[in-house]
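This is the structure I have questions about; it appears just below.
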Amino acid sequence: MNRYQDIREAAYKANMQLPKLGLVLFTFGNVSAADRAAGVFAIKPSGVPYDELTPDKMVIVDFDGNTVEGSLRPSSDTKTHAVLYKHWEKIGGIVHTHSTYATAWAQAQRDIPIFGTTHADHNTVDIPCAPPMDDKMIHGDYEYETGFQIMDYLKAKGMSYEEVEMVLVGNHAPFTWGKTADKAVYNSAVLEEVARMAYLTEQIRADAPRLKDSLIKKHYERKHGPHSYYGQ
Amino acid sequence: MNRYQDIREAAYKANMQLPKLGLVLFTFGNVSAADRAAGVFAIKPSGVPYDELTPDKMVIVDFDGNTVEGSLRPSSDTKTHAVLYKHWEKIGGIVHTHSTYATAWAQAQRDIPIFGTTHADHNTVDIPCAPPMDDKMIHGDYEYETGFQIMDYLKAKGMSYEEVEMVLVGNHAPFTWGKTADKAVYNSAVLEEVARMAYLTEQIRADAPRLKDSLIKKHYERKHGPHSYYGQ
Amino acid sequence: MNRYQDIREAAYKANMQLPKLGLVLFTFGNVSAADRAAGVFAIKPSGVPYDELTPDKMVIVDFDGNTVEGSLRPSSDTKTHAVLYKHWEKIGGIVHTHSTYATAWAQAQRDIPIFGTTHADHNTVDIPCAPPMDDKMIHGDYEYETGFQIMDYLKAKGMSYEEVEMVLVGNHAPFTWGKTADKAVYNSAVLEEVARMAYLTEQIRADAPRLKDSLIKKHYERKHGPHSYYGQ
Amino acid sequence: MNRYQDIREAAYKANMQLPKLGLVLFTFGNVSAADRAAGVFAIKPSGVPYDELTPDKMVIVDFDGNTVEGSLRPSSDTKTHAVLYKHWEKIGGIVHTHSTYATAWAQAQRDIPIFGTTHADHNTVDIPCAPPMDDKMIHGDYEYETGFQIMDYLKAKGMSYEEVEMVLVGNHAPFTWGKTADKAVYNSAVLEEVARMAYLTEQIRADAPRLKDSLIKKHYERKHGPHSYYGQ
């Protein structure tokens, strides 16, 4: 049995969730799953339709972005994944999609305001939207720099990647992550729904106020705090 | 056979309707079904995905919120259900979802205006949106207080829970109820569609007028009055 | 074999198209099919879910609204159907739904502007929205008067029911008709799509101009004129 | 075996993708596939529902619009296809739909602004919207002139049909093309998604800026340039 079989299976299953959850058109998305002990991750091959994927087709890549195993080319976003795995030591899965509502907010270059408890159940802050990269980064190693753009923006905002597991890249689209690939996929679906609800909220009331701090804290802590008890 | 088998089955079937009707993402919703004679209700266990539910997994809880039977933890919203069952003696089912359009109105903290006969077939009033709770209630027994927030707001508006079977909780999401769990699920689906139509109506005409009283009365009474004859 | 078997089958099949085309929630719609020679029509029974319908359950009603055959109560909108069949001698099918976008325009009490060729392929005019009825009509024989409200409005606008096969009733919802029940269902689906496109068009450009006359005429005549040749 | 079997199959399969991708209601769309060596293309017959299509029913037409083989009438848009094949020598497939969001932009007579990388992965320019035709063209050979309207507008904008494989025809709907019928269908789905995202972007931020040149160039070239490496 292949030594990376576990992450091949995990990445395969997580990738197959994206079309089921309505988060991708054609091949506009990818998921990776990391094996921290081996220092590698399995990622979707580039341009392969979801209905032709198999665990064997996943590409094994190290945290510097070098292909370790696999005959297909890894996703063009592989270097972004590699940078995040290398610097964020507690994540085990990453997802990138162009899901419709989250991407619209990214194109508008706006943070997604926290308007309700659906959002607060998952985050205590507005979903951050990193600004588009400067031209030097774009002309350089673009996908590699995308990883740094994400990390630097969270750092500048004083946010921990362990608490805020999602970001929009301005003019581009969302990235999410988590302890596992499944959790990262879950976060992508939650982000898309929160983005859709926030859009509708502003349409219904242009000056809708942000959620007040006491509710933000209550909802986040009942799900994530030391005394968490949440589940619907 | 389990003495609570009837409400286990009723709660199970009603919960399974939520994903079919497009009212929930993941586990963001719950339904309960009450046995008035026994003074208990069956409710969805916390955090269990819909495709893993069975009637046996439903948790039996009394109207003070104490678990009577079941090895799983009941939904985190259980105390809200318990309070409503305890004080509203004629209801037999309760539903809580974060359905997209109803939740957007809740986030906008607006009542849903009565714009047409689809709404009037089910309610004679704007769907009420209770204000977010004050900080004392939030810091206290939050889910228990949510039940009182709902009851107190309906009372303040002079509305009967037997006539108005749905409410938005500001910044949170909708709750619906009814004589049975099935009726409460039906009300959740109607509310979501009414919320969607009202949103679109205001987009098409910003100053759309409320439905006139004669039409409100006519539509509601042909369905719910002593001489009701409605059905499509 | 039942003497009305043909219209029972036609009404049954046409009713079953409504949920497939996404035009109804629960039982919020109904279709009828007429037998002109026998002077009757078959219509959906009141309040029966679509998945429990059978041809046998259709109710046979004459053009004055009297039930001729059937043990179930006919749709509460039956008198509206009867009035239209009685006065519009060339129609063979009628559909009433509360489809989302068409109903939102009805609630906004606005005609749907003709913005493009999708609309012009089916109508040369803005889709008319009849005003809400006056209180005398509402307090009288409501469903019967609804039929007259529709007929009187088309007449006042100088429109022929043979050319304009769809209308919105203000604050209520759409009605469509046609030579057959199938054609009336087709018209309901076209109306819903045209209503959705017109809504989006105004969102994208608030002052979007109506389609110019030469294009209206060209598109309508290539499909409906004496030298029609249209089909995609 | 029929000498045009290859393009019959290609056109059939591509046409069947349209309803699966949610791009057509009823028969509101058509795809053709060309055989450059034989100087003909296979196109959907007029008015035949998708679930009754077979490869045998495709109509074989030459680049002047004459039917070469087939007993059914070709799509009413056949002359538009013929003109484009005749003048654009490197395309092998054409698609016409009335997909909802792209058609709404066409009805608004607006180019679709390039707001993000989803768009830039496929085009470096705003999606062009050709103005409605003048009355002389409309009264003349309408479908034939539609082809010229498309070609003339791209030429006036200085765009190459090999780089920009999609256009909106003002007040009408989109046309897309490509080296194969499959690629043209892919372009139709991408256009619809880009149209939807651009609509939402402007709703979320009315003055959303266009994507900056460096990002446009980067994304397009990583997918289409001489050193392309793109795939998700």
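Details
We just call them A, B, C and D in the order they show up, numbering each chain from 1.
Following the convention adopted for this analysis, a residue touches a chain if its C-beta (ideal position, glycine included) is under 8 Å from a C-beta of that chain, and two chains touch if they have at least 3 such contacts.
Keep in mind the model is a prediction, meaning the values are calculated, not measured.
For the pair chain B and chain D, chains touching both partners: A, C. Between chain A and chain B, two chains of identical sequence, the interface residue sets overlap only in part, with shared numbers making up under half of the total.
Mean C-alpha position of chain A lies 46 Å from that of chain C.
Centre-to-centre separation of chain B and chain C, using mean CA positions: 33 Å.
In chain B, the residues that touch at least two other chains are 203. Taken in their complex, chain B has these residues touching chain C: 115-118, 186, 189-190, 193, 196-198, 200-201, 203-205, 208-209, 211-212, 214-215, 218, 222, 229-232. Contact residues on chain B toward chain A in their complex (touch as defined above): 25-30, 44-48, 73, 75-77, 96, 98, 100-101, 103-110, 132-133, 135, 138-139, 142, 171-173, 199, 202-203.
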